[in-house]
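By written order: A, B, C and D. Residues from 1 in each chain.
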Amino acid sequence: MIRAGIIGATGYAGAELVRLLLRHPEVEIRWFGSRSYIDKKYASVYQNMFTLVEDVCKADDLEELARQVDVIFTATPQGFLGSILNMNILGEAKVVDLSADYRIKDVAVYEKWYQIQHKSPQFIPEAVYGLCEVNREAVRTARLVANPGCYTTCSILTAYPLVKEGLIDPDTLIIDAKSGTSGAGRGAKVNNLFCEVNENMKAYGVTTHRHTPEIEEQLGYAAGRQITVTFTPHLAPMNRGILATEYASLVRRPDGTYPTREDVREVYERYYHEEYFVRVLEDGVCPETRWVEGSNFLDVNFVIEERTGRIIMMGALDNLVKGAAGQAVQNMNLMFGLQENMGLELVPVFP
Amino acid sequence: MIRAGIIGATGYAGAELVRLLLRHPEVEIRWFGSRSYIDKKYASVYQNMFTLVEDVCKADDLEELARQVDVIFTATPQGFLGSILNMNILGEAKVVDLSADYRIKDVAVYEKWYQIQHKSPQFIPEAVYGLCEVNREAVRTARLVANPGCYTTCSILTAYPLVKEGLIDPDTLIIDAKSGTSGAGRGAKVNNLFCEVNENMKAYGVTTHRHTPEIEEQLGYAAGRQITVTFTPHLAPMNRGILATEYASLVRRPDGTYPTREDVREVYERYYHEEYFVRVLEDGVCPETRWVEGSNFLDVNFVIEERTGRIIMMGALDNLVKGAAGQAVQNMNLMFGLQENMGLELVPVFP
Amino acid sequence: MIRAGIIGATGYAGAELVRLLLRHPEVEIRWFGSRSYIDKKYASVYQNMFTLVEDVCKADDLEELARQVDVIFTATPQGFLGSILNMNILGEAKVVDLSADYRIKDVAVYEKWYQIQHKSPQFIPEAVYGLCEVNREAVRTARLVANPGCYTTCSILTAYPLVKEGLIDPDTLIIDAKSGTSGAGRGAKVNNLFCEVNENMKAYGVTTHRHTPEIEEQLGYAAGRQITVTFTPHLAPMNRGILATEYASLVRRPDGTYPTREDVREVYERYYHEEYFVRVLEDGVCPETRWVEGSNFLDVNFVIEERTGRIIMMGALDNLVKGAAGQAVQNMNLMFGLQENMGLELVPVFP
Amino acid sequence: MIRAGIIGATGYAGAELVRLLLRHPEVEIRWFGSRSYIDKKYASVYQNMFTLVEDVCKADDLEELARQVDVIFTATPQGFLGSILNMNILGEAKVVDLSADYRIKDVAVYEKWYQIQHKSPQFIPEAVYGLCEVNREAVRTARLVANPGCYTTCSILTAYPLVKEGLIDPDTLIIDAKSGTSGAGRGAKVNNLFCEVNENMKAYGVTTHRHTPEIEEQLGYAAGRQITVTFTPHLAPMNRGILATEYASLVRRPDGTYPTREDVREVYERYYHEEYFVRVLEDGVCPETRWVEGSNFLDVNFVIEERTGRIIMMGALDNLVKGAAGQAVQNMNLMFGLQENMGLELVPVFP
């Protein structure tokens, strides 16, 4: 059995890790870290775990934790792991970091968008960006995995094959994303109160959201050059789910024509046909968040608009699963040589 | 492997059966019955099943189905199974009926509350009321199980130990229940449209809801005599979950005093301590539907009101799981000699 | 024009007062009090008021306020007005208090349920309980009105005629109430976050909710003696609305029979026929919160259950209007000799 | 008093017309037309109108209606008015059509996108597109007004000043719109059931939504040439509200620089400063649907993204008010020489 510890176990992503790892056949959770609830029963914070978890919450002593477990998940605010990670820890346990600290290779970009000074940039080079469908082989041998963000997982994978194959012009890419409110975390803020979120749609972080450089970096690798995209997140009155609607101009082929629906479909199929977690939907079926809720699936599809020469790509995932905890477990499975979807064969819950 | 068939697989309860049975280690679904979608791909009706279910929907040919499978689940409108069940079917396959057709022993009561003429009352005597926590042994040997209603499962189990032990006067029992909208089914009715349900609370079926006689019959067995209760269901703007708030007068003990909190708790613990699916919460913690969502748990607790001599009992479950499909699988497990919680160790999904 | 000041203008009830008073033909708001947002533009706290309100928030200087206005509304936490009210204030301006400080005549009861020491019990005797439909004449001449609570307005008016006329036994009264989340206020608490409230039903404050003694006092006046009731509030995943489902035993008439539906209806009609804001629905129509949202209406109706000798009464109102700000304006209208429904002829907003 | 008739009074837009006209000081509703509910009491279909409306629903006899009223509102399916309008009707009463029948000047475009043959194209030339902020003067003298669509009102007005002034390249315009579910109407369809819409986000009508040509035509007038835009509507789990997020490339000025925030703001202010219903928000404040709910306001704002040379424009309105019934009343006010905001000074309802 793999012994696992979770730092930030009482946030929504941390709690989702608990939900998934409790039913993972090869994992045992040994440490429920929560700075705010030290010595409180975990199940009294998350009553859904009553009778399932008997443990109390522990402090964030990463060095001690590293000695006791095989893998550490950090579902913590930005900057936390960066300020505390060291060689001892990495020498003792593998780390899957759900924060953004090691996602961006250029530390200056990280510091500019996050407004945080990075305290351990020396670990950035070895960190593997844990987007399994793209970096599978690197993840297998990593000891530090930067688990991708929720918006970024959805945004990148939805466009990745078309960028990689040059079917769309990445500089025309506009991503309009809608997220459930669990993405905002469990902090007590007026803006996240029920009455403020319910019956409302709003954009936020327009032109400034921190997931922007992460998308640009990863799709830039696919494009083979630096790219710039527009990314606008929105808050939707629902618990879970991200829907990304992505717009880009198709690249004309040498004969001046645009790629056809069949061309585009062929590319998506080629990239995702063997991916358990990415479902390319049938023609005419738009991804919807309800169809992936509670699961690690990402549903994608597209529509070509001949009038404008654009393509509309759509992707839907559960921000707490494929967008956070599920992908973290998927990374762990790869890091420990387990079957990639072990413990993750979750059937989406509907309604 | 147990071969299973589902009639009514495209209703919400039927779809939940699919979700659960797909991950049950000892079951294989062989028949997705749906009168409305014959020959359509099941996954095109429930896109969450895309890549997980390749089958198309089939007709309601129960005799043919019985020859092909070991167990039949009927998640059908009231009256359907009653009109079609026969000895051939029962001779070939076990049946778990999620409708009300065989729940009530007195056929006159059934016909009065349901306004349906029962077409096969001859099977009522052998049908076992599948409330596992109460009728476990009878279920094990049954070939026809009447799976309890959603409201009834919640209402009965929440009060059962206190009625059985005589701590409350069952004729003072008032059950005020609140249900999510999936309980209303997937039929296209104006009253169940999003804009009609959202931002609304209402009572319905006041004094006439069909689950009333079912509660009275079962709690009557516990009381050892016929009883009459008040039951008022309400529709709440959420997908899943039933919360039953139940009021009753405590019965004074010979010395004129009321049972104490410790007395009541001891009774609950005695009845439910070994039940995997019934969780008696800690003092002061009220059941909430969010803590059981997606799982087969029923959470119960109570508060004594000394000023009035009443007790307020509360129970919460997921109407599609413990209130329908999950309990049906629990019954199936018992009928086939499997571990009772096999395939049902679902961690509640929150948020 | 009546000059009005609001203390606590940035809470939900305070903001609803602003919404109503802005369109009241005889009122001008002169003071937007908000301790938390002093000197901030009111419309930056409530963007819905952008271009409609230019004022900035002011401090809670009640004495100065009293000199500047004709009426003060206090939508403040319990204990605030009690700690600050004095003869100078009452000498200068009329006061409508939306808190509980002057609702309960027996200060010991107040202090026990609220766990607050009352700092100005000397004003309790003169305070009028502002349930207009019951205390209309007293309100007209009051200078201090205790505006009833949201649950209490709904609970009391729904049962009032039957208690007053002796048709039900008040000691059997059980009130099961469901409220939207705006009733919990705008404080930043984890329990009121969107993801905690959404997709959830729960009871809270079971046997201990502070509106209990208020209901008991007022219905006790109707009964002509002290009574004890059971009151259980629930939180529903919606913004506005309270639905109270109330259970009581009918009182047999001298000939041993129960009052009929016609008898009960006649009583309701007698009490409420001339009340603009109380709508006794037609037979068979249950009150629903969606039909009163945004308005000052209270919808009531009932069903008799002959099997048990009980009656189920139901009432629905908008907790922020008839349950708070609307009733406060109704009281103000009476206090200033205006038409009672002036500024309150709001058509319910649906959907 | 203006006598008004409504055809389609039991749809959501029709019911909103009733809500608004009931409180309009110069209007009396004389005809509640509803094909589905003929002879039923209107208030039994919309219980919120109980005690406010005593009328029963009438048939769709437009000629008779025209003789009885001064203005007819048709809140009917596409094609209805087109198939029935004639000179007699237009000779007797003014008509405000909430359907799309007379919105598009090129009948071939209408017939292509709506897949309906237009039965009375002869009235198209005289019909005025009732976007008051743009066509105010023409509306004043019109006898047939084509009330704009909900998405189109939001989409057009949000971009209009920048298109008109040439600050953005209209062919780069991409509109990503999110709507509450009341926009889908009150028809009983599985896709609009509570459990299907709740906890879900989806795009629909991708590249084919009928509001596209309407947006293109109107913004084309502003641009002074034919334009092509991408428009993608989404369904959000809320009752009311549309948020349009619009993306376009800024046009460089002769000196090669982009317009600044001040430049853009100046243009918005110039166009909308005197418009009561269009609120240009302060810098950094994003429009949100909650702030306009229940009102006739459209809130707009923008953010410039220098990295990409794009501008993100945002607009929010209530689809049933400014997007339908409110704008219809605004048009009526103009047509009858009343103050434009008469009966429409609705304060947004929050929460």
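Observations, loosely collected:
The definition used in the following text is that contacts are C-beta pairs under 8 Å (C-beta built on N, C-alpha and C of every residue); 3 or more make two chains touch, one makes a residue touch a chain.
Nothing here was measured: the structure is a model prediction, and the numbers come from that model.
Legend: contact pairs of A-D compared by residue number with B-C, C-D or A-C; the interface matching in over half of them is B-C. The pair with more inter-chain C-beta contacts, choosing from B-C and A-B, is B-C. If you average the Cα atoms of subunit A and of subunit B, the two centres end up 37 Å apart. If you average the CA atoms of subunit B and of subunit D, the two centres end up 46 Å from each other. Annotation: 38 Å between the Cα-based centres of subunit B and subunit C.
Looking at subunit C, one finds that residues 12, 182, 195-196, 198-199, 237-240, 288, 290, 293, 351 touch two or more other chains. By the touch criterion given at the top, residues 12, 15, 19, 22-23, 44, 46-52, 182, 199, 239-240, 279, 281-282, 285, 288, 290-295, 299, 345, 347-351 of subunit C touch subunit D in their complex. Against subunit B, the residues of subunit C that register as touching in their complex are 171, 174, 176, 178, 180, 195-196, 198-204, 206-207, 228-230, 232, 234, 236-241, 243, 245, 247, 286-290, 293, 303-305, 307-308, 310, 312, 314, 316, 351.
Taken together, the subunit B residues at the contact with subunit D in this complex read 12, 181-182, 186, 188-190, 192-199, 237-239.
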